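Naming follows writing order (A, B, C and D), and every chain is counted from residue 1.
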Amino acid sequence: MGKVKITAGVVSQTCIATDIYSLILKAGEIVSQAVAGQFVSVYSKDGSRMLPRPISLCGIDKEAGTLRLVYRIAGKGTNEFSKLQAGDTVDILGPLGNGFMKESGKAILIGGGIGIPPMLQLAKELDCEKSIVLGYRDELFLNEEFEPYGSVYLSSEDGMHGTKGNVIDAIKACAVTGDIIYACGPTPMLRGIKQYAAEQNIRCEISLEEKMACGVGACLACVCQTKNVDEHSKVHNARICADGPVFYAEEVEL
Amino acid sequence: MSKVNMAVNIAGVEWKNPITVASGTFGSGMEYSEFVDLNRLGAVTTKGVANVPWPGNPTPRIAETYGGMMNAIGLQNPGIDTFIKRDLPFLAKYDTKVIVNVCGKSKEDYIDVVERLADTDIDMLEMNVSCPNVKEGGIAFGQKPEALYDITQAVKKVAKQPVIMKLSPNVTDITEMARAAEAGGADALSLINTLTGMKIDVKRRTFAVKNKTAGVSGPAIHPIAVRMVFQVANAVKLPIIGMGGIATTEDALEMILAGASAIAVGTANFNNPYATVEIADGIEKYLIENQIDDINELIGCVK
Amino acid sequence: MSKVNMAVNIAGVEWKNPITVASGTFGSGMEYSEFVDLNRLGAVTTKGVANVPWPGNPTPRIAETYGGMMNAIGLQNPGIDTFIKRDLPFLAKYDTKVIVNVCGKSKEDYIDVVERLADTDIDMLEMNVSCPNVKEGGIAFGQKPEALYDITQAVKKVAKQPVIMKLSPNVTDITEMARAAEAGGADALSLINTLTGMKIDVKRRTFAVKNKTAGVSGPAIHPIAVRMVFQVANAVKLPIIGMGGIATTEDALEMILAGASAIAVGTANFNNPYATVEIADGIEKYLIENQIDDINELIGCVK
Amino acid sequence: MGKVKITAGVVSQTCIATDIYSLILKAGEIVSQAVAGQFVSVYSKDGSRMLPRPISLCGIDKEAGTLRLVYRIAGKGTNEFSKLQAGDTVDILGPLGNGFMKESGKAILIGGGIGIPPMLQLAKELDCEKSIVLGYRDELFLNEEFEPYGSVYLSSEDGMHGTKGNVIDAIKACAVTGDIIYACGPTPMLRGIKQYAAEQNIRCEISLEEKMACGVGACLACVCQTKNVDEHSKVHNARICADGPVFYAEEVEL
């Protein structure tokens, strides 16, 4: 069936931490095709904002036909979304991008800040032994929901939760090991993980972010620099929306 | 829904309806073909293509603006070879006209691409003269009448398809540019390209787009585009493809009433991937409701 | 809320804060004084005034556009006599600088008004050079560098107050215009005036504004205004009053970071009559939160 | 206190005829000063629409602190307003303009189409003998509410209600007489009334419409041509928002 733009019904929305919201949407056509690591583009109702906001899938419930988005209020668009209530509607486009490439072997899932949500769906989909490393600035969210899926390790900048420092500090402190890393989070964190994975010789998939317009690979807004000349661009640019957002860490420059 | 004539003739090429897409907003049609039956479009206009692959600008390449957006993609493209090998065969499968948008850093670049396309079965060429001009000293061909005249002539000499010159709105007098293109032998005009803008991130105190300046597009610029289409339609005889902020049927009709023979949907695709076909249907409905048999009766009828 | 310095100096005139209003959107201050304490503004800029009363254009004079509006008021004004008798005494009651926006159809018209104002206690003159130019054949003074240079010089010769030349954005190269004004002796620049646009009513198949073309203003044009302010700030040494689509504190800060020493709120007044004071408060808050002592540190700091 | 912009609470909204809505707003500060013939500027929530929509006061309830607006869906702004529900808020600016100048003598109130609403508040405020002439295209609205305040005469274009034709046809057919006319409606109707009043030598006040930006007299968008050079403009232009919207018919060119 492919990508569609639909008007999704809001099933519920809750504030799960300061400025962080969990939104459940009825989105049948999109749900049936979606996998962990993909995202949807969410549209503003306010006509002054033309561009959709890309938000990762934190949950995909095929039976209920619902998607779960967990996002932080970062500006006007996400602020608008935070006002949505059960019974409202919101336009979304999806499913966009490619999910994580699920590999065999012991997995380390790493989420930092607002990069944590997509790891939850991945944790559910991955059928293997998992260590889950979650990095926070201070306030925790979603961490308890990871418990059923693996051993959860926390880090926080203020040291209030788990290892003081970042996710790599936690990995080192807790001697977390594995065969493949899946990570999502701010670029500096991903840069650190890429380097750590290279040092440790662990395969590593990372999910990237960039400003997007089309979300479907047409406008070339959202490129990242790749090590090799890629097939689509013929220059060292891959489209995060269409060729990613998940890439093998060694294939992209951060 | 087909008692009315929606077909228009642009420089000898018959489009089944007056709807195309604005270059750079629709890739080469592939990506949006998941949403839109390309057979429904009068023409598909491709992303700008150069003689060799261009890497484009560093990111962030875009920013949202009030009622629109700005972009400095920097004309990233895979080069004419890949384009001919990969994108043209894809487009050839559809019953729609193919317009190839051409960019270059020097006159020779443009000629190179146009020559390479001469023996392909594309339908029209659109010259993006707002590309960074390196050889002639950095100013775009689109901002000096003499330079525009010159490049139009040069391209026309080698082109085997009708040539559309795409005008930049960043000029004092758009009719002067239109006349230069007409004098140079252009077969049609398209307008407008983006208006140069800038956005500053006040939190980080830096430019929102890495390139500092970027081209503003979307509904915000529509009234400026309508004005320019009107002025040009009343200054030259060439058919005009009108674009700039078209998002609804009304927006498209405004352009046509102002003098455009066809229209292109750009930024609106990002907001609504179905915009093109919705507009095609909307125009047909308008014709029927207003008992107008032929879209051509509307072109430039507001004077 | 007053540990930070909000005062700016524009061509020797000290404003208590960098906020004024855009000419024509605030009358002569009277009407909006019901909403805004005029003492809170760095300066009040009046509606354009000519040597004799002007009737302006027929209605409809305005239309809404996406994220903005367009107007062709046609510079209706009661003439300099009434202005001096009625509006200046009103403004004199407030502790704010008074900038009089001047329009004319010929060089002599401008000189006439400027001379009549020479012995009043207004603080600055702003020349609107986008007025319909009758004597020189219809093109506005603001679109030819030579004409702009010329009128600047002529006005400077008779002016007793600092002269702000207000630039039109409908030009290929705004820096060329800025340099012409600087060379002509301007004391400051303000930009941008409105972008020429057009709107067509597709139901009635007629122009939305009777004058056909009209000037587009409001948030829609803000990114274009920021770009031009940035370019001009980097091309000339004159202080700049930035305007065009400023509706929020962030919009105003963008202009200042781009190089404006002061900013004007125009169309936003129609949407929010309290916009000026909210922006003044917002900028002060930004300074405090970012531990910046003096607004002057921000001017043009993004390069 | 003067004009203010406030966020008004929606008390209720009902659809009273095809595309015609009656909106009750809690608007204390504005209500206390308002009189018949004045209007408020109503703002869109959608950021793509910057300009407010002028809507006349159909009802002013000083005790309840509410205003009643009755309007027709004419475009995107009024369409947005029609979605407002009890509990919502909407920004309004007012009270704007000058009301009708209440004169002594027998009054003829004339409302045409969407010019009918302001006449209802006027009917309530006028303490004199009143004939009320209401002109419709086809569907009736508000007419019953006028009953308590005077003898009501109807006209409709299709002849289904009252006199077939326009309000002047009804006045003539029903031999309505009076000393002063107050009228609001489409310009062609007002032009007819102006002429009729001149012929009959009846004083006549009419309420005009024009596109507005500021609504307070600052921008000069909304002028009408006046017979004499007016005090404010020094040209033959009065501002409908600030000098009107009510004018003596003989003083304006239509």
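Structural remarks
As a convention for this text, contacts are C-beta pairs under 8 Å (C-beta built on N, C-alpha and C of every residue); 3 or more make two chains touch, one makes a residue touch a chain.
A quick note: this is a predicted structure, and the numbers were derived from the prediction, not measured.
Here A-B and B-D were compared by C-beta pairs in contact; the pair with more is A-B.
Computed centre separation for the pair subunit C/subunit D is 35 angstrom, with centres defined by C-alpha atoms.
In terms of their C-alpha centroids, the spacing between subunit B and subunit D amounts to 46 Å.
Here the CA centre of subunit A is 55 Å from the CA centre of subunit D.
Across the assembly, subunit B contributes residues 66-68, 219 that each touch 2 or more other chains. Contact with two or more other chains is made by residues 47-49 of subunit A.
The touch graph of the protein chains shown is complete. Touching subunit A in their complex are the following residues of subunit D: 45-49. On the side of subunit C, the complex with subunit D involves touching residues 24-27, 31-32, 34-35, 47, 53-56, 59-64, 66-69, 71, 73, 76, 78-79, 82, 218-219, 267-274. By the touch rule above, subunit D contacts subunit B in their complex via residues 47-48. Residues 66-67, 219 of subunit C are the ones touching subunit A in the complex.
Of all residues in subunit D, those touching subunit C in their complex are 2-5, 43, 47-52, 93, 210-224, 232-237, 242.
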